[in-house]
Amino acid sequence: VIQASLLQLDDYGPWTTTPHPRREMDLQTLQSRLYADVAAFVGSRDGYAFYTRGDNLLAFTNGLDRTAHERLQTSVRNRYPVTLSVGLGTGATPRAAVEAATEPLQAAGSAQDGDRTEVLAGETLAAPDPFDVAHFDVVDATGAYTDSEAAYGAYLDISSGFDALARRLYRGHDALTFFVGGDNAIAVCPPLDGSTYDDAIEHVRSAADVDLRVGVGRARTATAAGMDAKHALERGRDRRLTTVLATDGADAHAE
Amino acid sequence: VIQASLLQLDDYGPWTTTPHPRREMDLQTLQSRLYADVAAFVGSRDGYAFYTRGDNLLAFTNGLDRTAHERLQTSVRNRYPVTLSVGLGTGATPRAAVEAATEPLQAAGSAQDGDRTEVLAGETLAAPDPFDVAHFDVVDATGAYTDSEAAYGAYLDISSGFDALARRLYRGHDALTFFVGGDNAIAVCPPLDGSTYDDAIEHVRSAADVDLRVGVGRARTATAAGMDAKHALERGRDRRLTTVLATDGADAHAE
Amino acid sequence: VIQASLLQLDDYGPWTTTPHPRREMDLQTLQSRLYADVAAFVGSRDGYAFYTRGDNLLAFTNGLDRTAHERLQTSVRNRYPVTLSVGLGTGATPRAAVEAATEPLQAAGSAQDGDRTEVLAGETLAAPDPFDVAHFDVVDATGAYTDSEAAYGAYLDISSGFDALARRLYRGHDALTFFVGGDNAIAVCPPLDGSTYDDAIEHVRSAADVDLRVGVGRARTATAAGMDAKHALERGRDRRLTTVLATDGADAHAE
Amino acid sequence: VIQASLLQLDDYGPWTTTPHPRREMDLQTLQSRLYADVAAFVGSRDGYAFYTRGDNLLAFTNGLDRTAHERLQTSVRNRYPVTLSVGLGTGATPRAAVEAATEPLQAAGSAQDGDRTEVLAGETLAAPDPFDVAHFDVVDATGAYTDSEAAYGAYLDISSGFDALARRLYRGHDALTFFVGGDNAIAVCPPLDGSTYDDAIEHVRSAADVDLRVGVGRARTATAAGMDAKHALERGRDRRLTTVLATDGADAHAE
């Protein structure tokens, strides 16, 4: 079982155009800074938060209780022109946890209901189970894309690879994939075996012609699993392996 | 003719894992704050900057000369643990301008060449021509997605709509599309007529089953064109129109 | 007994002029953002951090263990061009705690020793005792200064009042006073009685001709004591009292 | 003639306690980030901005016109929970310019008048004259204070030196001095000769027992003058001189 948090800006869309449309770069600055604050807050408590849609952020927050989430809401209210509602949920998979986190927010009212402000609803988790963090990157992204393609084309190509990955892992395994910049994506997954990751990588190669590599960690917090995943990915880079599971060196699969 | 800037972090990938992998939420905080600073800098000079891959940012910078770009590089060097190289380019279309901005950076060395630091290369533009900024959103995104779907599914669906849009506009019209959060995407385009935007929206509806609306502005800076686009989009929302061109009320097309 | 942390940027002075002097506004931006990150980190864990000299920050950190301080050091290293050393100390008074926090850093080497990097030294506290947070402001600062004097003169006058206060409380009571903006100063004090605060206010009136008011809270964390102090100060404003102790309504002294 | 800007948060004091007092570390984070944004904005346009009281910031803004100040106001409104009023003024000395910048704000209403919002009033300057930026530091601050005294005592001692300096330069020469962190203070002055700076340093030595050194630059923007001042200060450090004027090596005075 894993805990997810949906962080939703209250009535944000209407605010961006009231009384008339606000400068786009101000909005981008606001959204990026707010996400950075959330990432710092959640990350220093061993969770992971993702930008997602910017006004709807998803976080995996094992170990953060309601008080911590309240403190984050207070901090946003005190420093930004917008407020934050939070849905908390738990589930056997990341997908189920996010669904559980979404429900109490939707039940409390519309995201554009001016009266629904700073809701904190849903359940937190007493005893988390281990889950997987899978850290993917693109094989030779610098040579194959950054140094050889025009910047936007490289971005589109890499995006299409991660898009194929996200759909595969979501539909097949209730896992949630997020682009995290550069040539990196992070998938938060239920415990999966190495062949499942191999299959996903093979799918992306055939569907989008992008070669991925993955390191996978398994732990009870996102930071612990994610750091193991990063080390596994480094081993994969060094040894030219496609899939490296931190939990079992023998599960490493030849590239 | 339009001016583009490619802002590339120097040797960033290796830095993120040296001497061992760095905490992911620290990296996310770093990337988001750096982008926010770029957006504030460029935006206050009437350009638009987009996060793109986070370590490779694209900006449309009509009016920003080399000195302004140098100042941005200095400011990054003085406040971050990483440095920034900048490629400048001009072209008849956004795509051509980004290609022109990519070339001098690639010619100066690899993005992961430890000796290629703080390059500033390429040409700026004396006399920009008008171009289009097209601001898209999803029709009834709150009702159809945010309030009714689980948060990750809503994100995937909206992403797939904008992905279809990006490919269509890039391949057909040398236009570059960026997701800017919520249910919004901004495309920087050469001057296009209303029927082209209609066709793109129709394509997204059939390919990804997502209903889009667009407001389009045309001007010599991104902020001027973008602000006109936002006002046009507001008119489209009010009057239930799919495509509204700021330049010509008569070009508005019924939804 | 109270716990203090001295956060010292490593070799910062030389860095600001190497290889040649850096732009001052970049340095100010860096210092302010770094302090803001420290304040957010410490504050969300119920401590208080003060800007002090910007490259030497003081914090009162009851409840933050070594791991929390390490995480802060890591986060600074990962996001700034500078690193942070931390001295931890405990003492019967705030002054004694800061002296105890300073010693292990000085013992580890000079602040400008290029080899002394990311030290974490000293002791944390298992069982904190209650201490005072005294929140001072200037009586009618808006009318007497902001709205009637030129901005710099108002700043000098208010500064001189808080300077007199800081010396009095430090020399007489081992308490540390920090200007926190506007017309506000916060003193971290050992438990003191109301007449001591009255005396300090009277001293500032006679020495610097500035009329202060104070609210005092007493608790085992800075946030708890500080929030009580703010409420007490509000009562003082409403009832025109000079000194209000949160712990005892009867200790309130008429203005 | 020099141009000053007074940046005043509207109705900020009441906001900090409405509906009840806000967490102090949130307020400190807000104030520091807002100042950092102002410093970045003004600094990238060759001005200098100082934190001053945090809710009343002073900036020297030769070359920034009303449109630039409006853009800053818009950016604050779009990203913070508070708004900014701006007074602009010009004068023969920094003191006179700040007085001129204060007047139109005071005339427009009280800083705590809930109806006085986003005022932009006063005059900008067409043709600035050269002025001095004097960059002071403490001789051997690291050895004499940071490495040998407890951190708060070092802070108090250095503060008292700069306090004596600020009063001397303000009363005697209409110059405004600001502590900028570490052991550094910056004074914005009318053009003064070397002996005046010598006298000020001698005064601080006798009044506060703190040994200062100064580098002075003279130019039409704060950044140009300030950067010359920093280089002059470096020469003073190297050659053990007390006062170094960038404009005339012969004016350098032996320590």
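Brief remarks on what is shown
So that you can tell them apart, the chains are marked A, B, C and D in the order they are listed, and the count of residues begins at 1 in each.
Simple rule for what comes next: a contact is a pair of C-beta atoms (placed from the backbone, for glycine too) under 8 Å apart; a residue touches a chain by one contact, two chains touch by 3 or more.
All of these numbers come straight from a predicted model, not from anything done at the bench.
The minimum number of touch steps separating chain B from chain D is 1. Chain centres here are means of the Cα atoms, and by that rule the chain farthest away from chain B is C. Inter-chain spacing, taken between the CA centroids of chain C and chain D, is 21 Å. Between chain A and chain D, the centres computed from C-alpha atoms are 43 Å apart. In whole angstrom, the spacing between the mean C-alpha positions of chain A and chain C is 37.
For chain C, the set of residues touching two or more other chains reads 23, 26-27, 29, 33, 40, 44, 75. The touching residues of chain C, when paired with chain B in their complex, are 22-23, 26-27, 29-30, 33, 74-75, 77-81. On the side of chain D, the complex with chain C involves touching residues 6, 8, 12-13, 16-17, 20-21, 23-29, 31-33, 35-36, 39-40, 42-44, 47-49, 51-56, 58, 95, 98-99, 101-102, 106, 110-112, 141-143, 146-156, 158-160, 163, 166-167, 170, 176, 180-183, 186, 223, 226-227, 230-231, 233-234. For chain D in complex with chain B, the touching residues are 37, 40-41, 44, 71-72, 75.
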